[in-house]
Every structure is written in C-alpha cells, then in structure tokens.
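Given below, in the form of structure tokens, are the structures.
Same chain, two partners: chain A is paired with chain B first, then with chain C.
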Partner chain A sequence: MIKIAERFQVSHFLVFYLIHSLQFGVGVLGFQRIVSEKVGRDAWISVIIAGIMVHISLWMIYKILKNSGGNVTTVHRQILGKWIGGGLSACLALYFCLLAITVLRTYIEIVQVWMFPDLDVWVFTSVFLFLVFYIISGGFRVVTGITFFGVILPIYVLFTFLFPLEFSELNNLAPPLNHSLKEMAQSTKSMSLTIIGFEGLLVFYPFIKNPDKSKKWAHLGVAFSTVIYTLIMMVSLAYFSEEQLQKNVWATLTIWKIVEMPFVERFEYIGIANWCLIILPNVCLSFWCATRCLKDTFKVNQKIILVIILLGSFMVISLTQTREHINMLNDLVGQTGFYIMFGYIPCLFIINSIFRKVKGRKR
Partner chain B sequence: MRIKLLLTIVVIFLLSGCVEKEVIDDVNLIVAVAYDLTENGNIRGTADVNTYMKDQPVRDYQIIGESKLSRDVMSEMQKKSQDPLVIGKLQVALFGEKLARKGLSEIVDTLQRDASIGERLLLAVTRDEAMTLLEGDFATVGAARYMSNLILHNIESRDLPRTNLHLFLYQHYSQGQDPFLPILKKNVQNGNVEIDGIVLMDDEKVVTELPNEKLLFFKVLTDQYSKGSHTVDIPDSEDSAVVKSLSSSRKLKVISEQPLKVKIDIKLKGYINEYTGEKITPKIKGEIIQAFEKEMEKETLALIEKFKELKIDPIGIGDDLRSQIRTFKIEEWRERIPELQVDVHADITISESGVVD
Partner chain C sequence: MSKKTSENNLVNESIVQVVNKFKMSSDFIQYSDKNNNVQYWYSYFRTLIDTGTLQKMVIPALKDNNWQSLIELKNTIPIEEVLFTTDTNTIKDKLLDGYILITLTEYGVHCLLVKATLNKARDVSLPEVEFSVVGPKEAFVEAIETNINLIRKRIPDEKLRIRELQIGKLSKTKVAVLCIEDIVDEENFRTVVQRINEIEFDQISDSSFITQMISDNHNSPFPQLLDTERPDRVASILAEGKVGVMVDGSPHVLIGPTTLVEFFSAFDDYFYNWVNASFIRLVRLFAVAFSILVTPVYVATLSYHYELIPNDLLNTLVSSRREVPLPPLLEALFLELTIELLREAGARLPTKVGQTIGIVGGIVIGTASVEAGLTSNILLIIVALAALASFTTPIYAMGNTIRMLRFPFLLFAEWFGLLGIVLCFCFLTTHLLRLTSLGRPFLEPIYPPRTVDMKDALIRLPFSLMSKRPQQLRPKDPIRFSSKKARKNKDIDE
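Coming up: the complex of A and B.
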C-alpha cells in the first residue's frame, strides 16, 4: 500500500505532459529510416497503428493499477510475492535506467556528429547528470514542472516542418496499403523505440491527485505524440525519395537543413540545442521512475539510490564510444520496450484481473 | 554554501572552451567551390574565399588543392590557407564538364555527408574547366553571390527548372527520376558568367544536354507553377508574340499498364508580353493560343522521345507510375523507359495582353 500525501501529488491534467514527454525523445529524430525500411511509403500507417497499440496498453495500465492501492511494485508483491515480485520490480527499474541512458547517449552522439565533433562525452554527461540530480532531488512535483516547460517551450519547433513542403511531392504517399500484413507488423515493431516511455505511468500513478480524471489526459498525451509522429513521417516521406530516406540516419535533422529564415541561415543548430530541453524532462522522469521503483520495492532512501544509479549511468555512457555501441543500446531498449508493451503489460493485466476476481469471490 | 558556490565557479571555468571554437574573424569561409578532372585522373578542387574590407567591395581569391579522393582535396587546400577553411557558408558548387561526364556520385557523397553544408546549395556543370569561372570578373558581389543570384532569379521568374542539393539528391537516389543540372558558361568578352542550358544525367553521369530555347518546355514538364517566356510565331502571318507564363501545372494519368501508356496534361496560364503586329483582336489571340498549344505539344513530345532514346527519366514519370500503379516494379523502370507511350495535351489560357490593345 502506497499512500502519497496530497502536497506531493500533481493535478490530473499534468499527466498529459508527463506521458507525452516520456514518449517524445530522441527517437523522433531518426525513426523514419527504420520504420520505412520494410514498408516504404506506408510507413505513416505503421506509425498510426503503433499509436493505437499504445492507447490499448495505456488502458491496460489504468486497469491494472485501479484497485491496487499503489503502483506496479505493489501489484508485483500482491501477485508474485516478495521475492519474485521484487525481482521483477528491479528489472523494471533497470529498464527505466537503460531508457534514460539511451536517450542521453543518443543525444550526445547527435551533438557530436552535427555540431561539435570533439565534444567530450564525459564532460557533457557529468554536467547533464548533475542537473538531473538537482531536479530529481526536488521531488516529483519539480520533475513535473520541468516536464511542463520541456513540452511547452520547444513547441514552436513544430512549425519548422512547414518549410520542407516547398520541395515535397505529395504523390509519394500513394498508393496506400501496398504492403503485406507481415511487413506492416515488422515496421510497427520498429516504431517501439520511438513510442515507449509511457510505462512510467506504472510507477508515478499514486502521485496523481485524481487518477480517474487523468485517464482522458493520458490518452490525449499519447494521441498528441502520435499525431506529431505521423505528421513528421508524412513530411519526410513526401520530402525525400524512397531510396534517399534510407540514406539518412537522422532524417528529421536533415529536413532542418532546408529551413532558411532571414535571421537564421541554418536551423539545425538551434533545433539540436533546443532538443536538450526536450530530453531533459525525459531523462529526469525515467531516472525518477527507476529510483522510485527501487525505493518502493526495497524501502531504501531514494536519494542514495539516485546517486548510485547516476554514477552507474555515467560509467555506461562514458564507455559507449562508437555508433555500433549506441545502435546496440538503441536496439536493446527498443526490443525490451516492445516486449514490455506487448508481453509484460498484457500478461500482468490478465493475471491481475484473474487475481482480483478470485480474491473478490473469496470474500 | 560557500563550498557549493566555489565548486560551481570552478566547474564553470573548467568546462568553458571544451569544444573547438570557430570565431568568424579567424576562419576562411568558403563560399563557392569548383571541381575539375585533371589530365592524370585526379580531382582538383578550387575554393573561393571572400575577404571583406572596410568600405570596399568584396574581394575573392582562390585556393587550389589536388588529390585522388574528393575528401582529401579539402585537406590539401587547408595546407595552403592562412586561416582554417570552413565550409558552412558554401553557396555554389561547380563541376567541370569532363568530371560531370565521368560521374559525380563520389563528390556529391562528400557534399551530403558533411553536416555543415546546407541543402539549398546550388550545383551546376560548367563548360570547360570549372576553375576558370571562379576567376571571372563579378563587379562588387564576388563569384558565389553572383552565380547563386544568377541561378536563383532564373529559377524563380524565368525558365530554369528548380535545382539545389536536396533536389539533386532526391533525383539521384530515386529510381523513378534522374537528375539534371544547369550549365554555366564564361562569357569570353567580359568575364561574366551566364546560363547555357541544362545537362541531363542518368544515375551517375551526364548523358546529354538541352539548349536554352527548350528550357521552358522542360520546366513545364518538371515543375509545378513554373514561370518563363516563349516567342510564338503566328502561322500565315509575319507577326509573332511573346507569351509570358504565370503559372503552369502538369498532371500525369496512366491510361493502360500493358502496354505502358500515359497521358500528360499541361495547363499553362500566361499573358502576352510583346506583339509585333498592329492590334490584338480576339481572333489573333485565339491563333496565338492555338499555335502555342501545338508547339508545346510538339516540343514536349520531342523531349520525351529523346529521353526514351537515352533511357533517362528527368521528369519523374517513374515516380508517378509508382504512385498510380500498385503492381509497378520500379527496379525494372530504366529498362522499360523505351516501351512508354505518351500522349501530351496542352491547355493554354491567355488572360491579359498588357496595358495597350
């Protein structure tokens, strides 16, 4: 049983920002190539399908947590017992750590390739993680505040995706649904790295003041992410030729190379620097979820865990040097996220509902 | 508290300047670059660097580097430059005719791989050696500004089809379209540079070229909303009229898949800019329209016939087919180009004829 005092809780509508911010990270900068690899022009349909899957998943999460009287760690303990349940919670915490590490390391790679090739990874990481530590030690409300600004302030970036329309060929989106079901499924799967993150709700659920009212906002957050992903995907498909898109590792950044304004000759420098504001809440929330998960499971001090986790992450990030390492990390997290979304959450949902039914009958 | 403050200050001092600085006064900005093929098969790059002085027009000078690989050309140039050369402000890239006939893939790869080069970079093929164009006389603006303005205003309000690095890469990688680039020529008399038609390429190299007179018809086939002007000779009379196009559109419709047959609808809206006869009556206007439509159909068909002969597709018919026929195999498109049958239908409207009748 976890009961959070009201002064530590956040209003229900803020869940919109929390969910959207957890989903929206570095994936969106380069998801076009992987998703369109198998299905080419149908990639935007895969994006929408993936979005619908997230909605279903989110619905399940709310069902799981509704009468649990806590978050996912409580559910784990109730169903699986102290040891197995605790182990599973620890695994989930590890997953959130990996998520944060992937986002931060991929972002540093982008800064290295696009802006400063000689940027020292450990310098940037240490400054950034220091900031993350500072924010998380302020508590969940502070993290939520950062999330709010991390969504609102960079929102103007969306308008830059109007610039490539000048050179776009809308015919590139036709003919729709020209690929087999298997290919569509594969490309939907490759969306996983871009859409995962919303599982954070499993952990911060008790911190919402009015969980029932927050449902609407959570779904709106997911819908907002999906709409942005779909629009960016459509613009990319129309702007690049099919074969050209496969050449670009970060298609979203390549799109920015065409943006030209009277006062800014090239937008990608501003865009990438701005993206720091988008990944900051993302990383903070992921680390917060990881530490909270461990705190609730093992009843230890959250600050001490946070320091240990940040130091560990710092080591991992400094050790990943080449793009192969980073790709490996990306694939690992993408795969794990996929299995969490399609394996773990549905299983937990089914077991949990059976468990509750049986328990209810006993009474 | 004091320790925290001290720590912050120390960290700030330690971390400032941990990446390479590029101060604008301490670097040489390359604004234009020219690539040529030398006699022994090397690539010679010429970089055009601007120097700005107080109350004086821009002066530019050239730095030359030669190497086997286009990547190394840059490092050769660095050895000859006083300040580090940076390429972020590159506006124009020129390719010598010989190099363009051999193939451009390698150099284009160099240009797109560099994150600091913009996608609006203009590319052009030159008559003879590209290097000689940079040495021309460009009055007060310098070579890069001059050439980019020259190309851009001709794209926007004249009959040069749209090109830039992004469009070139789009066409280069697409299996349903082939690239084209404008040709620049040095005017021998005054040292200026002028446009002298366009080159058409297959996947790799230049295969043929079109003269300036055919550009309007080509542009109508490639771009939407193209502008340009054309002189129409009115049949059965000595008079002729200049028609200026305001907007145009091109639609492609598949008529049958086996044999491959398409219909291209061209719509053009324009006004009469100049007329050698006495008075433009509705009858004469009709004649002008009819003559222009006929010429448009004839010329565009002739262009397409030429493309079929050379197995190239600069106007992107393949991309249109791919989006209209579900079973179309784009991989076989180049082999199937000669099979294509095309009907062209032109529809021209003339709205105005100037301030006098």
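Coming up: the complex of A and C.
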C-alpha cells in the first residue's frame, strides 16, 4: 500500500500536462525521417496508429493500477513476490533513467550541432542536472509545476509550423496507401521513441488526487501529443520531398530555418533554446519516476538515490561522445520502450486481471 | 542556582529598590510633598510623561485636602487609567510606559499608577510609496493606535479581530495581528501568531524585520509578505480573508498569505474601470519581463547569435557598436551598474540634491559614455528603459528584487547565450514554485492553476464577477456576495 498525503498530491487535470510532457521530448525534432523511411507519404497514418496504440496502453495502465492500492511496484510485489517483483521494479527504474539520459544527451547533441559546436558537455550537463536536483528535491508538486510551465510556455512554437505551409505541396498528403501491412507496422514501431514516456503513470499514479477523474485528462494528453505529431508530420511531408526528408536528421529544426519575422531571422536558435523548457520536465519526470520506483521498492531515501543516479547519469552523458553512441542509446531506449508498451504492459495487464479474479473468487 | 536567586530577588524587589534603580537615569524624577492630611511621594520619567497632564490634573488632585488613602485619591484624579497595585513588575513596565508612581510612605508596598503618557505621533499624511492619483489619500503612520483606528473606521464590524502581542526583549514592540472572523482561515491566523511569538530578537524597529523573520524561506530574494502603507488596501484585503500584521513604530502593514502576482497589482487598479485596469496591469507585467530579460537577451544575441537579427537591424546595431572596445557583457554590466549607482545615490541623498544627481547621471554620464565609445547608444536606450520598467512595480521591495535578478540572467546569457537565459529562467521558475507564503503556494493562481482566482491576477475582471473570495486563502466563508443578484441578464429594451 502506498498512501500519499493530500498536500503532496496534484489535481486530476494536471495529468494532462504530465502525460503530454513525458511523451513530448526530443523525438519530435527528428522523427520524420525514421518513420517515413519505409512508408513515405503514408507516414502520417502510422503516427495516428501509434497514437491509438498509446491510448490502448494507457487504458491498460489504469486498469492495472485501479485496485492495486499503490503504484506498479505494489503490483509487482503482489503478483511476483518480493524478489522477482523487486527486480522487475528495479529494471523499470533503470529504464526511466535511460530514458532521461537519452533525452538529455540527444538534446545536448542538438545544441552542439545547431548552436554551440564547442559546448562543454560536462559544464552544461552539471548545470542542467543541478537544476533537475533542485526541482525534484522540491517534491512531486514542484515537478508537476515545472511540467505545467514546460507545456504552457512553449506552446507558441506550434504557430511556427504554419510558416512552411506557404512553400508546401499539399498534394503530398494524399495517402497512396501503397504499402504493405508489414511496412506500416515497421514504421509504427519506429515511432516508439517519440511516443514513449507515458509509462511514468505507472509510478506517479498514487500522487493523483482523483485518479478516476484523471483518466479523461490522461487520454486528452495523449491525444494532444498525437495531434501535434500528426500535424508536424503532415507539414514535413508537404514541405519536403521524400528524398529530401531522408536527408534531414532533424527535420523539425530544418523547418524552422524558413521562419522569418520582422525582428527575428534564424528562428531555430530561439526554438532550440526554448526546447530546453520542454526537455526539462521530461528529464525531471523520468528521474523522479526512477527514484520513486526505487524508493517504493527498497524503502530507501529518495534524495540519496537521486544524488547517486544524477552522478551516474552525469558520468554516462559525459562519456557518450560520438554520434554512434548517441544513436545506440536512442535505439536501445526506443526498443525497450517498444517492448514495454507492447510486451510488458499487456502481459502485466493480463496477469494482473487473472490474479485479481482468482483472489476475488477466493474471498 | 545563582540565576534562580536573582529571579527571586526580582520578585521580592520593593518599590524603593525599583525607584532607586531608576534614579540612576538622570531623567527620572522623584518629588515628595504633603498636604494637610498626608505626605506623599511621586515619581516619573520626565521624558516619557506629558507635563501638562501632570500639572493640570495630577498635582491639583494631590494638593486637594479631601483624601486620606490611595483608594480615595484614585477617585479624585480625573484620569481614566489609574492603577492600584503592589506588583513591582507592573510598576516597572508602567513607569517605562509613561505612568506616574504615587506612594504614601517611602517604603510602602502599595502604590498608585497614573497614566500621563506623552503621545507624540505624526499626523496621517499622503501615501508616498503607493501614491495614487484617484482614491483615498491617507497613509499609515508610526503609531499603532492611529493605524488600528484607520482600519476600524473602514471596517466598523464586530468581526474585525485584533490580537496584540509583544516581541523584542529590548524594544518591547507592540504587534497587532488583524483578521476578520468568520472569513479568515483560522490556520493562517494561528500560523502568523505562532511565528510572531517565536521571534527571538531584541530590537524590532520596523515591520520589515518581522517580514524577514516570519517568512517561509529566509534565503529567497522575493518578499513573501505584502507590505503596504494604504489603509484602504489593508481593509479590502482583510475582507478577502487575509491576515494583517501591524507593528508599532512602522508605517507599513504586512499582509499574508500573498501571491507573486499581487505584488504587481497596484491598488489603483480597483479605482478604474476593469478594462483600463487590466490593460495597465498587463503593461506592468510586461514591464517586469522586459526589465529582467532585455539586457541579457542583448548580451546573448550579440555574443553568440547575431544571425538571429535581420540584416537591416543588424546594420544599425553594428554601426552603433563599432567604436565600443568592450565585449557585450562588460558593456552591459558597466551600464547596469551605473544605473544602480544613480539609483542608490538618489535614494541616499536629500530630495533636492537627488534630482540634480538624476539629471547629471542620466544625461551627462549617458551621453558622455556613448561619445567616449564605452557603450553603444542602443544599449543605453535598452538599459534606461529596463530601469524605467523596473520602477513600475507598485511594491518597492519587489522592484529591488527585479533589478537584482537581472545580474544572474546576464551571467547565464554570457555563459550559454539564449540557452543560458532559458536555464536561468527555469531556475527562477523552480524557485518560485518552491516558495510558499504562510504555507500557501506563492505562484497561485498560475500554478496550481485555479481559474476561479484568475479573475484578479494577470487581469482584473469587473466587480460583479468577484463574488468569491480567493481559493488560495481557504476562507471560511468563500462567498462575498450573491452573484445572482449582481448579474442580471436583460433583454433588449427591457
């Protein structure tokens, strides 16, 4: 059982921001190339399919946690026992850590490539992780607060995606639907790095004041992300030709290059700096989930665990220097996220519902 | 052991010992006289009592031959507050409060204390920090009695509760905690009283001492209690369900729990129509953002991202900076420090000289530094505007905070350019998120987002929509007035 005092809990509608922010990170800056690799102009359909998958996953998560009286660590312990369950929880914590590291490292790479080629990675990382520590040590309410601002403040960036419409070929959007089911499935799978993160709900569920009411908002959050992804994908497909899109690693950033306002040229500088506001809650939430998961499993002090994990992450981030390393990290996390979404969550859902039924009958 | 004996001695001190101790001060006076019946002694602090009262009321009564005992004398003296006591501690306190001590024998235990306090208070005058063109023109003064009177006159209701406390070992400052019963959240009231009682300090000179001692985070540059010198503002905020703290000797009253946006709302906002008031408030909020961010953005863009600026604008910028030998950060720091110097000098100097300094500083130093090629005139304009913008903040303490915040932003801008500004902004936001005012979130109603409280935050909506008290205060009675009566939907020509 995990009971959280009400003054540490957050209102149910804030789940919208939490879920959306966990999903929305660095993936969106460059997902166009990977997703359209196999299916070309059909890519926006796979984005929508991926979104629907997330909705199903989310529904399962709510079902799993509904009568658990805690979060995923409680469920693990109930079903799998202390040792195996604890081990699984630790794996989940590791996954959240990796997620945070990947997001931060990828963002730093973008900054290096687009803004500051000679950025001292370790200086920036230490400042950033210190900020993360400052936020997380304020508790979940502060983390949620930063999430809220991380969604609200950069929302104006969405309007910048209207600029390329002037130079777009809208006919590109008509889906030819000439790709096999397998290809579509593959491209949907490649969306995984962009859409994962919502699993954080597994951990922060007890912190929601009114979980039943929050369902609607969680689904809205996912829907919001999906709509944004689809829009960006459509704009990219309309703006780039298929060959061009394959040459752009960070297609979203390339789109910003043509944004022009009377007082601002080269909008990508502002955009990337602003993306820091989007990355920050994402990283914070992931680290928070990781540390909370460990706290609930092993009954350790969250602050100490946080410091250890942040120091470890600092080492990992400073050591990953090359593009290959970062790519590997991205692929690893994408793969894991994919298996969590399509393997782990459904399995847990089925086992959990059987477990509950058996237990209910015994009573 | 020794401490205990000394305490015992204190208790057993006789009046004579007290009087002898006080006699060490040269302004303590003791006289002895007698009328036809009895001989009497009276003593007082020359500097604390009103000699008029002594001459006109006390001495004639003493010289009157109609009394035999102190009890009889008590009825003769035409003054309300006359105490008959044997307690030496009371005697000490009251003598120090401007009472006259009367005894019949030099070694007597019984005595009479007559109030003849000299009240030298400033008259109620115009508000100087929060002046407004329209609206009431009275401001608090140093005397707490006058201040409470100003509030009582505005809220003639039995629900206005005042709890008086005394703090400070030396200053024995009177502090009054005000609230309106049935509206205020008891927890807020209790928190304030408890925190004030816990203060350990000898000399409390002003309400700002109390702000610093009872605020939730002592290390934050942000003031966490609102201070105001306007009785009208205090009265209307008490009606919302907040708690006020008055300190004797301070013309500023503290109010809590407060929120960040409240610091940017002037009381004028309620005197104008809501459209105009909202506009002015938005201008003020823009001014704050502008004041903090504009110089850092200048430094960031010119140090790292000059590609950001369109060609035409860049030409202007470059041509104005051509002669400047300093990097943008030093240029900006130089000008910001100049402005800070001018402000500080202006604040320290007497008004008339201060104006001269303003002109000398603003015109001569500014123009000369551009001509000498130390700074570009574009930055001069920017810095001057930013300084101007920071003075639009209605609460002076918050204005100081805003001017200070610019410097960390400047350093971060020099460090990581625009990214640094965003990082610094995140630090600031986190700090504000973690801040609380008397245990209530400081950033409310922005976060936690409460749409109901938005009616009087970034903008001010019409009074008819303000039927509910702010949720942040958890008031006992959340309804100010029935909104149904206030809002009537009428059809055309009805």
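Definition applied: the second predicted complex is superposed on the first by the 361 of 363 C-alpha atoms of A that agree within 3 Å, B and C clash if a C-alpha of one lies under 4 Å from a C-alpha of the other, contacts with A are read in each partner's own complex, and residues count from 1 in each chain.
To be clear about the criterion, a residue touches a chain if its C-beta (ideal position, glycine included) is under 8 Å from a C-beta of that chain, and two chains touch if they have at least 3 such contacts.
Quick caveat, the model's predicted, so the values are computed rather than measured.
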*After lining up the shared chain so the two structures overlap, which partner does A:V127 touch, if you call chain B first and chain C second: first, second, both or neither?*
both
*Scan A:G138 for contacts with chain B and chain C and give back first, second, both or neither.*
second
_Contact-wise, after the overlay, does A:F8 reach chain B, chain C, both or neither (first, second, both, neither)?_
neither
*Name the contact category of A:E169: first (chain B only), second (chain C only), both, or neither.*
first
*Applying the touch criterion given at the start, work out whether A:Y339 contacts chain B, chain C, both or neither, answering first, second, both or neither.*
neither
*Once the structures are superposed on A, label A:N178 by its partner contacts, choosing first (chain B), second (chain C), both or neither.*
first
*Figure out whether A:A273 sits in contact with chain B (first) or chain C (second), or with both, or with neither.*
second
*Who does A:F116 touch here: chain B (first), chain C (second), both, or neither?*
both
_Taking the superposition on A as described, I'd like to know which of chain B and chain C A:E265 touches: first, second, both or neither._
both
*Touching both chain C and chain B, counted on chain A across the two superposed complexes*: 115-116, 119, 127, 260, 265-266
*So in the complex, which bits of chain B are touching chain A?*
11, 15, 18-20, 88-89, 112, 115, 117-120, 166-167, 169-177, 319-320, 323-324, 326
*Can you check the complex and tell me which residues of chain C touch chain A?*
304-305, 307-311, 313, 416-419, 421-423, 425-427, 429-430, 433-434, 443, 447-449
*asked:* Using the touch definition from the top, list the residues of chain A that touch chain B in their complex.
replied: 41, 113-120, 123, 127, 167, 169, 171-175, 178, 240-244, 247, 254, 257-258, 260, 265-266, 268
*asked:* Which stretch or stretches of chain A touch chain C in the complex?
replied: 10-11, 14, 111, 115-116, 119, 124, 127-128, 131, 134-135, 138, 141-142, 145-146, 148-149, 260, 262-266, 269-270, 272-274, 276-277, 280
